[in-house]
Amino acid sequence: MTAALVSLAILLPLGGSVILLFVGKRLPEPLAGILGTLTVAGGFACAAVAAADFFTGTGQAVTVRWFTWMPAFGVNAELGWDRLSALMTLVVTGVGALIHLYSIGYMKGDARFGQFFTYLNLFITSMLILVLADNFAMMFVGWELVGLCSYLLISFWFEKETAAAAGKKAFVVNRVGDVGFIIALMLVFSHFGTFRFETVFENAPGVLTTGAATAIGLMLLVGAAGKSAQLPLYVWLPDAMEGPTPVSALIHAATMVTAGVYMVARTGAIFQIAPVAAGTVAVVGAATALFAATVAVAQTDIKRVLAYSTISQLGYMFMGVGAAAYVAGVFHLMTHAFFKALLFLGAGSVIHGMGGEQDMTKMGGLRRKMPATFATVAIAWLAISGIPPLAGFWSKDEILGTVFNRGGAWTVLWGVGVVTALLTAFYMTRMMWLTFFGAPRWDEGVHPHESPAVMTVPLMALAGLSVVGGLVNTPFRTSLEHFLDPAFEAVRLSAAPTGTTALTLAMVSVAAALVGIGLAAARYRDRVPDETGFAWRLIGRGYYVDDVYGQVFARTGKLAAAWLAFRFDARGIDGAVEGVGALTRKTGGWLRPIQTGFVRSAAAAVVVGAVALLAWFLSRGGL
Amino acid sequence: MSFPILSVIIGLPVAGALVVLTLRRTELVLPVAVASALVTFGATVWLLVEFEVGEAGFQFVEQATWYKPWGVGWHLGVDGISLLLVVLTGLLFPIALAASTSVTHRPREYAAAMLLLEAGILGVFLSLDLLVFFVFWEVMLVPMYFIIGIWGGERRVHAAVKFFLYTALGSALMFAGILALGFLGGGDAGPTFDFVKLLDANLSHTAQLWLFGAFGLSFAIKVPLFPFHTWLPDAHVEAPTAGSVILAGILLKLGAYGLIRFCLSLFPEASVQLVPLLAVLAVIGIIYGAIVAIVQTDVKRLVAYSSVSHLGFVVLGIFALTTQGLQGGVLQMVNHGLTTGALFLLVGMIYERRHTREIGQFGGLATVMPRYAGIFLFVAFASIGLPGLNGFIGEFFVLVGSFLSLPAYAIVAAFGVVLAAVYLLWAYQRMFTGPITVEENRGLRDLGVRETLILAPLIVLILFLGIYPKPALDRIQPSVDQILQRIEQTTTYVVPDLGTTGFEVPGP
Amino acid sequence: MTVTPGWYMALAALLFVIGLGGILLRRNALVMFMSVELMLNAVNLTFIAAGRQLATIEGQVAVLFVMVVAAAEVVVGLAIIVAVFRRRKTASVDELSELRG
Amino acid sequence: MVELTLFVIFGICALFGALTMVWARNPVYSAMGLMLTMFSMAVFYVSNGAQFVAVVQVIIYAGAVMTLFLFVIMLIGVDKAEDRAEKIFLQRPLALGLLVLFGVGVLLAGRHVWVTGPAQGVDAIDGTIEAIGDQLFRRWVLPFEITALLLIIAATGAIALALFKNDGGDE
Amino acid sequence: MTILSVAPEVVIVVAIVMLLMVDVQWHPGHRWWGVAAAMGLTGATVAVALQWSQYRGDAGASFFSGMIAVDGFGAFAGMVIFPLAGLGLMAAWPLVRSQGGRGAEFVVLTLIAASGAHLMAASANLVMLFIALEVFSLSLYVLAGFTRERADADEAALKYFLLGAVASAIFLYGIALVFAATGTTSISGVGAYLTGNVLLLPQGVLMAGTAMLMVGLAFKVSAAPFHMWAPDVYQGAPGGITGFLASGAKVAGFAALARVLTVALGDRITDWAPAVAVLAATSIVVGTLLALAQTDLKRMLAYSSVAHAGFILTALVAGSSGIPDMWFYVATYSVQVLAAFAVAAVVSGPTEGRAPLSDYAGLSTRSPWLAAVLGLLMLAMGGIPLTAGFVGKVAVFRSAIDADYLWLVIVGVIASVAGLFFYLRVIVLMYMQPAGEGAGRIGVPAGARVVLAVAATVTVIVGVVPWPLLEWLRNAIPL
């Protein structure tokens, strides 16, 4: 029963996708969207029913076996249904369904409406494969397929060159990370002879040396950094905002980008043996969090703010899972899915209302025009800033607390986290003020209006989740931790602090948030300050990291490739090949003059031959 | 002896060619040729169906001695390694022929050449007598030479001659090698060219090395392995669409097939010893082909270089000498045949419309030709190795399989995966996305029913093998394992053990 | 001192070489042809001298055949030379070098 | 002793004739030199017991053949003296070198012994007409008949090549 | 049976006499010549076939006091040569007709050359061999210069004649020295002497004689460096007869060479095999390289025939065990080369000497069958499988490897690839380039059609199913 439901959860969106692929063009507009939404919602329903046992506490992990996939690796197409994957499935399908719904409104009138839902449904399928995989190979399949969908959806408006380029960039950068993942897979297989999570995790302590575990862990981190846009592979995510906003919400905020976090959590058993790798995860996460938060401060494009914010928040999650606070990491993943999706959808609503305008300096004062959007986004703003009792507070606080609790050098990471929290509050507030408060700075001809209900209803649903989502795991009531415990059986979790420490830390982070909000509110309350100085430009362009990459990899790489192709290959190798041919022919030409045409030369040649033969034969005897 | 199905498979295209040549009405030529190729395909499918899964040895064996003093005879057989390639050949030919409607110059000769080419290729895959194998190997060059040289592009003559001579140079040494092997392997009983008998030949280490060199060079040129690849882009660019499809889809596999069938089986010691060399060349090919592909401005050239890269994977897999690597190598041959075949078909279709293959001449095609763009992207992703599509399975097997024995190479090779995405997606971006920049492109019509139908079988197989490769792998595995067993028995090589010992990765 | 057949054969060798020299050094077709005749004569002398030592008359028979052959050769050769001369008014073979390379 | 004398005298004559033939600029002198050599040969034949061959040599060779040569020389012009300039690069040094090597080679080959075959009989051979005829029409009858073909060739060949009818010449 | 031993020659002579006498008396013209020649050649072929049926294998015997050998070897040579002469005449028929009354002489000379060639293969005595060689060569000299319309033919004839005369003088000197060294001129006698006696005396004269015998025969088969006459002669000689010139010389020359080397000097194989190998390699390389640079089809074919001489010599390094392989190659190659020159005669004209390659551009449109056959022949000469050329190469290389001459095989295979270049060039011209302005369709004379059909059939059938011929040769030809 469970098996069927789990399979159905994947197959429903897949079926929707396939149907839409073939008939999507012929379906009238909302129908395609409705079909897409319903299949995902159906998937959610199935997952919810299947997960019900887990909630009641009676559920057991189930393996859903489809078929033998790659015999030589002992890999089957199998789904592993346990608490962690169940939670992820619910988040993915739940948030996914809401965003699908939202998209019906957002994509209204688009020429390829049906196609959009095809891709979106395919994405849900892929994401479910990722989270439900019960072995590394299957996970890699999902991992890649979400990358594909991300590519397709970022460059959905491919007529725009920047969109097409952004899609490609996302895929390619992800692939760089994938190399790490692949290497990790190779290491896993060579050590265990299998890809099955269960076998690997059970035997990891016995089989893996610290070195091997570290290698696997670091390689997994490379993969995760690609997918989850961590340093140094984060560059694709800001560009990915070229995609339609629901896509940004679904893929580049709520679900896909968190796959890296999920993976680290999933493979906790390996990181456990490799403290160095785990530490690296945390450090990368912290660095990314801080780095992206600073960059977010100077963005003027509303979606880019959110993009950097996402990178930053993902950094938090990495910090959490790196510190073995897996529950906290996943918790933050979940809450972040709610409020960041909400933020994106809200931003989408704003952009929709502003007729496609994304520059915050040309907004302002929208709260009156778009009250529902404003209200919901404000909730998300507070949630992400870490204001209790909204969702973001609880999860962020748990991560920071756990990190702090580990003591030693981890305390530094905690510090970074707090500073980031401050910055987060600052830039989010900046965004709020620039967008919704102050005087309108709209371009002429822009008439902001509230979005239709099909868009605002998901906003409201997400707002609700952002409010209550944090309550599933508070220091007072750790139900999520209990829920997930069986999934992390093999892993030793870091504990969150308790008592006064916990309280103090919470107060520190709330204080940081309030300071951030205060500073930003003060700065942006009644004006748009001039932010064109060098420092602003520097961080506004993300410290020119992307430009440096462009120069180093794209430009130099292209030059090098051109040299290889048109010099080395065409002249060098092929030149040698053609040269041998030409030389042979030329040798023939050089020999021609010997053939003088004179009888006496020919006679001389005969005598030469005769003398040579004579010499040879005489040398064989008779002398 | 049971029904000589293998001889029939080789004979059918020949008969088809003869029939085609006698046709008086030009418009019948292509249908008849396609029909003939389809009948051949049917026969190969029958082979596939009747093939005993799980058997490692040769099946459907036909054997007859032709000339005892030379030890030469008609010996055919098919095993898991050749089976899929035979079916692939059977599949691609009708498709390539059906896609040849634009050939109006000497259509009879064209169709006949294609069918003879098919016979030659099938002969190469099926022969178990080295001399006969060599006959097919060489004979195949002739129709291909004509196909490029007569029905090709502007610099067709140069390309055709280069193709012919380069490959002939390789095979010349193999020819000497085959003769020498026949004598060395035959011993006192007189020479023999029977592959199965030669398996028992007790070749000295030096002899193995030399023979491996002679065979290997020939195969390396055919594959083509870096740095013997430069004939390939030229040949591809100039060849007509069907020629490119066959060239990339099947002809290149012959080299890899030869490496498995002959080099690994007959010269195990040399193979084991030369693994580093071959693996280095394969890895260089993977990376180099991909990098060079990035900057190509001609789509066909780009795909040609991508073949260099992909075939590098195949060779790496083969010389990993692990069951996964070898299986991956064989499967990747099939995969590459399907995807690259499809890519060349697609390029041909656009070429028929626009008479150019310059990437710069396109841009924004997805707007006017959505179906074309979609299929192109689909195939491109298969080529990139996206899971769920066939390319992934092959690459995955190769990479993980080769990591077991050649970890460093596998890691470098893994970067080829990134580069594949770069060159294909960049090409896609330049051709299909953005605004339409060239006016002529505005009126292009999307793929028609015929063209879609031509591509459909490839697409279906790309998906099928990507999702459920087991049927293919089940047939490959026993034969591959047998080869590995042989290597283990005759050399000191041991296939790396999985899971128990592992190997040390230096820790921090 | 007795003259052995070897002496004749050595002399024949010298004559043969001189004949060969005529071929290589002269360019008058007739003289070249005469050189060939000289070479044949040298061979004949070899045959006869060897035949004497071997106490067989076969050498002499061979010489007779060589003479017949030489006669036929002379006829054909001179015919060719005459034909060439008729066209070109020269007997210098060096001028017959249009076919080359 | 007689033979030695003959050998020395006619050996010198033969060499002189041969060299003259090669050396002379005028083909007539060459022909004369060759004739001298041929006569000397005839003498050697006699000293080697080949009387009949010697006769044939004088009559057919030195007589008929050389006459034919002279005819042709006359036909194509006696005045065509060759100049001694050599057009062909390296021909002369090459030729001389080769000749020396060739000669030295052959002489070296016979340095120890010229005739190594077993003697066929015990008696000194006597090249009389009878002896030769006996051989010619018994043992060597087939080659003898085949020479007929040579004569056909000579006849038809000469006609084909040198017989210029009115339409044949294109002067 | 004594009469059977010379039956081919008798038949030919009868035919010649009939031809000439009837011609002189009634002037019946070329039809009669054809009939007479056909009768003569058919009769001769039948005669050698009879010889084959009775004397092949171990049944070989010699007649006329050891002057002529009747065995599988000689009979097979005849079975190649006489039909070859027939084909040569068919290809040359337009040439014959163009010569007016002189045509009769042309036919006669061809017939004589054929019997001379057969005698070369069948001679069991070195003097006999010399006479046969002269019979053969003298007729060819005349044939090469037969047309008087062109200066090229003169040049070809004179060159051929002078060089041929020198070579045969050297060859004759070799006979004399071998005679001195062994006391006999019988080929088998020499062999018997060398194997049957303990040789105490220095063998210098024998060795010198061997060298010169090889010079003479290597000249005939145009092995480098004795090849320099071949291109000039083949290019200058009238198109119609060049094929016979080239193919006949190969057949007769190799027959004689093989017989002398293996029967007379078989005991000395360790002495001559390396020399033959070097000759072979030189010929292959020189022939191939020079052919690469040619712009004239006939000249190119001439150089390619030099290379092929090298390939055939390759078989001989194995001694008598290589002879069947040599014969296989010679027999198939001679048909190919004859037909290739026949194409040249059709395209460039039967009396023409030169055949510039540019004439062949677009030949496939001007005459599809001509182009197809020439293409096939080029592939066969290049050694592409399913043609006799490939099997021939397998055969000779197999022999060489058997004799441990791997290096020679490697030289051979690499050169054959280089050689493919110029064979392919002809195909490129014919199929991949347009015909020149005003080049119309080409009519193929009936004779040439027969030649091409036969050559194509032989090339393909023997290429696909060579086993009967190989088996046949192997059983019949041990010497």
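A few notes on this one:
Order as written gives the chain letters A, B, C, D and E; numbering starts at 1 within each chain.
Simple rule for what comes next: contacts are C-beta pairs under 8 Å (C-beta built on N, C-alpha and C of every residue); 3 or more make two chains touch, one makes a residue touch a chain.
These numbers were taken from a predicted model, which means no experiment stands behind them.
Touching chain A and chain E at once are the following chains: B, C, D.
Among the remaining chains, the Cα-based centre furthest from that of chain A is the centre of D. By number of C-beta pairs in contact, A-B leads over the other of A-D and A-B.
Farthest from chain B in terms of Cα centroid separation is D. Per-chain Cα centroids separate chain B from chain C by 65 Å.
Inter-chain spacing, taken between the CA centroids of chain C and chain E, is 26 Å. Chain A and chain C have Cα centroids lying 96 Å from one another. Chain D and chain E have CA centres that are 29 Å apart.
Residue positions of chain A touching 2 or more other chains: 581, 592, 595-601, 603-604, 607-608, 610, 614, 618, 622-623.
Counting partner chains per residue, chain C has residues 9, 16, 19-20, 23-25, 27, 32-33, 49-51, 53-54, 56, 58-59, 61, 65, 69, 72, 76, 79-81, 83, 87, 93-94, 96-101 touching two or more of them. In chain D, the residues that touch at least two other chains are 88, 91, 95, 98-99, 102, 105-106, 108-115, 117-120, 139-140, 143, 147, 150, 153-154, 157, 160-161, 164, 170. Listed by chain label, the pairs that touch are A-B, A-C, A-D, A-E, B-E, C-D, C-E, D-E. Listed in rising order, the residues of chain A touching chain B in the complex are 67-73, 77, 137, 140-141, 143-145, 148, 151, 155, 158-161, 163-165, 167-168, 171-172, 175-176, 178-179, 182-183, 185-187, 189-194, 207-212, 214-215, 276, 557-558, 560-562, 564-566, 569, 573-574, 577-578, 581. Residue ranges of chain C in contact with chain E, taken from their complex: 9, 16, 19-20, 23, 29, 32-33, 36, 39-40, 42-43, 46-47, 49-51, 53-54, 56, 58-59, 61-62, 65-66, 69, 72-73, 76-77, 79-81, 83-84, 87-88, 93, 96-101.
Chain C makes touch with chain D in their complex at residues 1-11, 13-22, 24-28, 30-31, 33-35, 37-38, 41, 44-45, 48-61, 63-65, 67-72, 74-76, 78-83, 85-87, 90-92, 94. The part of chain D that touches chain A in the complex is made up of residues 88, 91, 94-95, 98-99, 101-102, 105-106, 108-109, 111-112.
Within the complex formed with chain C, the residues of chain D that make contact are 3-4, 7, 11, 14-15, 18-19, 21-22, 27, 30-31, 34, 37-38, 41, 44-45, 47-50, 52-53, 56-57, 60-61, 64-65, 68-69, 72-73, 75-76, 80, 82, 87-88, 91-92, 95-96, 98-99, 102-103, 106-107, 110, 113-115, 117-125, 127, 131-132, 135-136, 139-140, 143-144, 147, 150-151, 153-155, 157-158, 160-162, 164, 169-171.
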